[in-house]
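Two complexes are shown next, each including chain A; its partner changes from chain B in the first to chain C in the second.
Take a look at the complex of A and B:
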């Protein structure tokens, strides 16, 4: 390659990196906007569209996101089950708030998945850049970010994740490499400054 | 002429000494005190299992890189791995987890999914089948996070295989594959797991040196690139290297100081270099002969033998000492041959009693004690022969410096025994009797080693994060067929699970990876009973949720097929690599496997579990060793009693019964008083105290014999004094060793030798003895 070719290539690289900086700014804006409330509560409706299924499978429930503690994921229909997701992974908890054994547990990458989940719900996406290429855009009143895994171990199973929202995350779409699709919509979103006592007690699960 | 011969001898001694020192660095020194013990198991399969697991463990080294920041921990781990890979000391350095590892796991188990159930699922299925499966179906669809091993929901709609895979006892414990490395996040810190194997045997000195150097290099590289990361490492080779280092350091320090002390003492006493050089030559020859014999017989020298070897200095030097003391006293009337002839009976008796003591050790089925006995017998015999042959040759002429000290002291001497001293000794003996009654024992195996505290701390931190198994306690499972072994394992693991004292108390069993054929058939049946009942409940549920008919169809097919995961198939898969050592396979009595334990397990829980299942043996090396140490402690006490009895018999031929009793009095007191002191102080008596008492017996007998043979006026007192001081220099210093076994050995010897010395005048004949010198 000639010297001029190299210079051109360098310039091209520079141009390509410019939008990336704009992306960083937009990501920061999104995070700030969502992070203004430390606690979010919402109803959710999750639709799984699997190749193995002839109709989509829906579940509904209630989610509580606490920026500093984790996520309380309460499924109410068609079957009641509650999960607690924090830095250590996901644990199933029973009606009295006790942690159940064998509910996904702390093992097998759960902690990593839990961190991705928390980052998605809190729209704190910048830390995910080590695993995903992030493509944010402004959309209507809000924003949308497409996350494409650039790590081989993730890309084997995950095609991409799309997060959409405004002052809170409103929809997450998970597209698996097999074509299976999980869509989670959040409605009736309320912002709060702190957890209720009952919620705080659930989050304080023993080590 | 004389001078030239002396130089030849000195040259030879010098060369022997240098060779000994040089060899000490090359000689394989065994530091694992457990290696001194005999096989603990009567069952050959058990002994084989123990050795097999020990081999699997001994080369392993586990490292963890930790930091507050995950990226920092990963970088530190990469640096460690690349430095260790570049070193020849390590092989199989494992850090990266291939992305396909989880797929390999899935592919191994997927064909047999209908027969694989985790314990909680199996129990739930037995209690309320429909409810359990309906819950499992909804849960696997509503779980907010994906399962650890990616499974197609069509292949595992009820999540039963996912549950089975999640329960597999992976050695990583909290560690899971994350971005291609095994990572764990705990208490705000991120950890990355690495493992490696030493290229050579961890017992070899050069392996230890290479490993320690490579690890230090890796640590410093990591510290340079990632200053905030912390590196923890554990492995048998690190403990062995630390123990070897401490032992050699102590041996050269203690040996050096005692040699220096002895040299100075002899110089002051004889004011001539000749006795010093000849004395040291006798010692060097003795130690060299002991080492040579042990190496020829056992191939390796044990640390404890080396300790006794150093202390052999203290006994071996006694023979030339008595010769020179006599020469000093004789002054101008000295006649070497006559003097030696006169001394020979005393020397011979002293040697014989010492050999008798050690021969008692030699008779025991205890490799460690046998080695010590072998070393000491060869060493003493050589020193005796050297004294008898070399000294008259090289020290013919009378001492130049006349007898000032020796002569003045010897008649009354410091050892003359006035009445008040006898009374004091009697009081002491009576006062010590309650001490003897209060003797307690301790046979704890931990006396044998004090692991380096820094290493122990790192090991504890690593154990808290991983499921590192204990190599010292395990279960052996035996049966006629492979499947019977797996079935017995299943009964045993159920018994263990119900007795586990904490969630951290785990175990690793092959049957967790490969359920027995019977268990797999039971599982298939239990699932089929609920899913494929007459009403077609399972199919209806799958249809209601929305699964295509093919899903239900393929599940029914799988349940009806008899596809069974076999141990042979599993052993051939790459996923079994880290666990293959648990399967011993065909043995003389059938088929066998082992189950290893991790975390804390009380001994009674393990014993109860072992007794609940036939064909199961609990192999508890520490407990077995403690029992053995107790047995040998008792054996030593009997051996000592026998040696005293035999010596009495031997000496009575020359001195009569009363004389023999008097001659042995110092030696009996020297054995009894330290024991009484230990009883009074409440210090539990261990095998090593008895080992020391065995030597004390030999020394005490020597003092008694020399005193008696030396004449009624205590002419031998000067020689005995010198001998006592040199012995204390040789042994007393061992009390400062950091190994409890060696320290108690040294302390006991110190007390015994001082007692023997103080009591030696008791052995003196009341009137000049009638038996003329032979």
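Take a look at the complex of A and C:
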């Protein structure tokens, strides 16, 4: 190859690597921006639209995200249930704050789901790159990241996830291969440095 | 962020999705029920909070049923309280497709019949029952029996079953189902 050819090849390689580096830089910025608060609280509304079904399914409530402890989902409408999701999986919390036997199940699937959920809520997306191709963009004052599965076992069920936010995750859209669509919106988001005593008690569930 | 996503993915890993011709279900005591279409022009699209308890699990399970039916097609999607899809069962002109955990498939395949017995118009239910079945219907109760054996008691709070709460007991399955419609 001529010297000129080598230079062109080097330039081409540089151009091809630039978008990936830009994506990595933006992902890092997003993570830094969201992860600055160890505790987030928000109201959430979730709408699940099932393929070929006329009536969407909606729930709403309150979510507490603790970077080092997990996520507490408190559904308040149209019924009341509370679930704690952490690295050990999902567990239902009863009215007295105790873990309910058999609620959610601490299986490997739930634990993996919990890890992904925590990663999404904390915008800590880099660990998901083994399963998803991440495409971040700046959007208005905030950002959007599209996660497309590149593992065949995931892609069979999941088309993509779209996460939007600013200083916190504000909306997550999950589009399944079946055509089902789950939209979760977060409003009244507040940042904090630590959990309240009551929240900490709920997170400290026994084995 | 929903756990829904991957929980569904993983739970679906061992699912059966093979359609089968299973329009009719044996209910016990020699009684069978064959799935019936909704009357022409009628559509059912409801979300219900469902509490199911069986003899060996008295604490029971709580699910949301999303039901959509028109004509001979009926879809029932079971969702966890956080909205994760647990199963989907679809019937269409005598074909039944189960998409859910294999461990729940046997009961799941009976689900469309059980739902129709509770929710479908009385005339349609009678049309689907085999000879020898006795269906007694009052304003707020349905009692199905065969060969002098009680198979189902379904008490409803509204004159139109799908519009109110239902408390049903399936004797042969030793199962109790309490249904509350969910409003938006």
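We take it that the second predicted complex is superposed on the first by the 189 of 207 C-alpha atoms of A that agree within 3 Å, B and C clash if a C-alpha of one lies under 4 Å from a C-alpha of the other, contacts with A are read in each partner's own complex, and residues count from 1 in each chain.
Note that in this section a contact is a pair of C-beta atoms (placed from the backbone, for glycine too) under 8 Å apart; a residue touches a chain by one contact, two chains touch by 3 or more.
Note that this is a predicted model, so its numbers are computed, not measured.
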Side-by-side fit of chain B and chain C on chain A, or clash: clash
First (chain B), second (chain C), both or neither touched by A:152: first
First (chain B), second (chain C), both or neither touched by A:172: second
Partner chain in contact with A:138 - chain B first, chain C second, else both or neither: neither
A:87 touches, of chain B and chain C: first, second, both or neither? first
Which superposed partner A:130 touches (first chain B, second chain C, both, neither): first
Contacts of A:120 with chain B and chain C, given as first, second, both or neither: second
Chain B versus chain C as contact partner of A:161, first or second or both or neither: second
Which superposed partner A:194 touches (first chain B, second chain C, both, neither): neither
Residue range of chain B overlapping chain C upon superposition on chain A, of 40-48, 76-84 or 148-156: 148-156
Shared chain A contacts, counted only where both chain B and chain C touch the same residue: 46, 48, 50, 52-55, 57, 59, 71, 73, 75, 78-79, 81, 83, 85, 90, 92, 101-102, 108-110, 112-114, 117, 153, 157, 180
In the complex, chain C residues that touch chain A: 1-13, 43, 45-47, 49, 59, 62, 64, 66, 68, 75, 77, 79, 81-83, 85, 182-184
Residue ranges of chain A in contact with chain C within the complex: 46, 48, 50, 52-55, 57-59, 71, 73, 75, 78-79, 81, 83, 85, 90, 92, 101-102, 108-110, 112-114, 116-117, 120-121, 153-154, 157-158, 161, 163, 169, 172, 174, 176, 180, 182, 184
Chain B residues within the chain A interface of the complex: 71, 99, 103, 118, 120, 134-135, 138-139, 141-150, 152-154, 157, 163, 165-167, 170, 174, 176-180, 183-185, 545-548, 550-551
Interface residues, chain A side, partner chain B - complex: 46, 48, 50-57, 59, 71, 73, 75, 78-79, 81, 83, 85, 87-90, 92, 101-102, 104-114, 117, 130-131, 151-153, 156-157, 178, 180
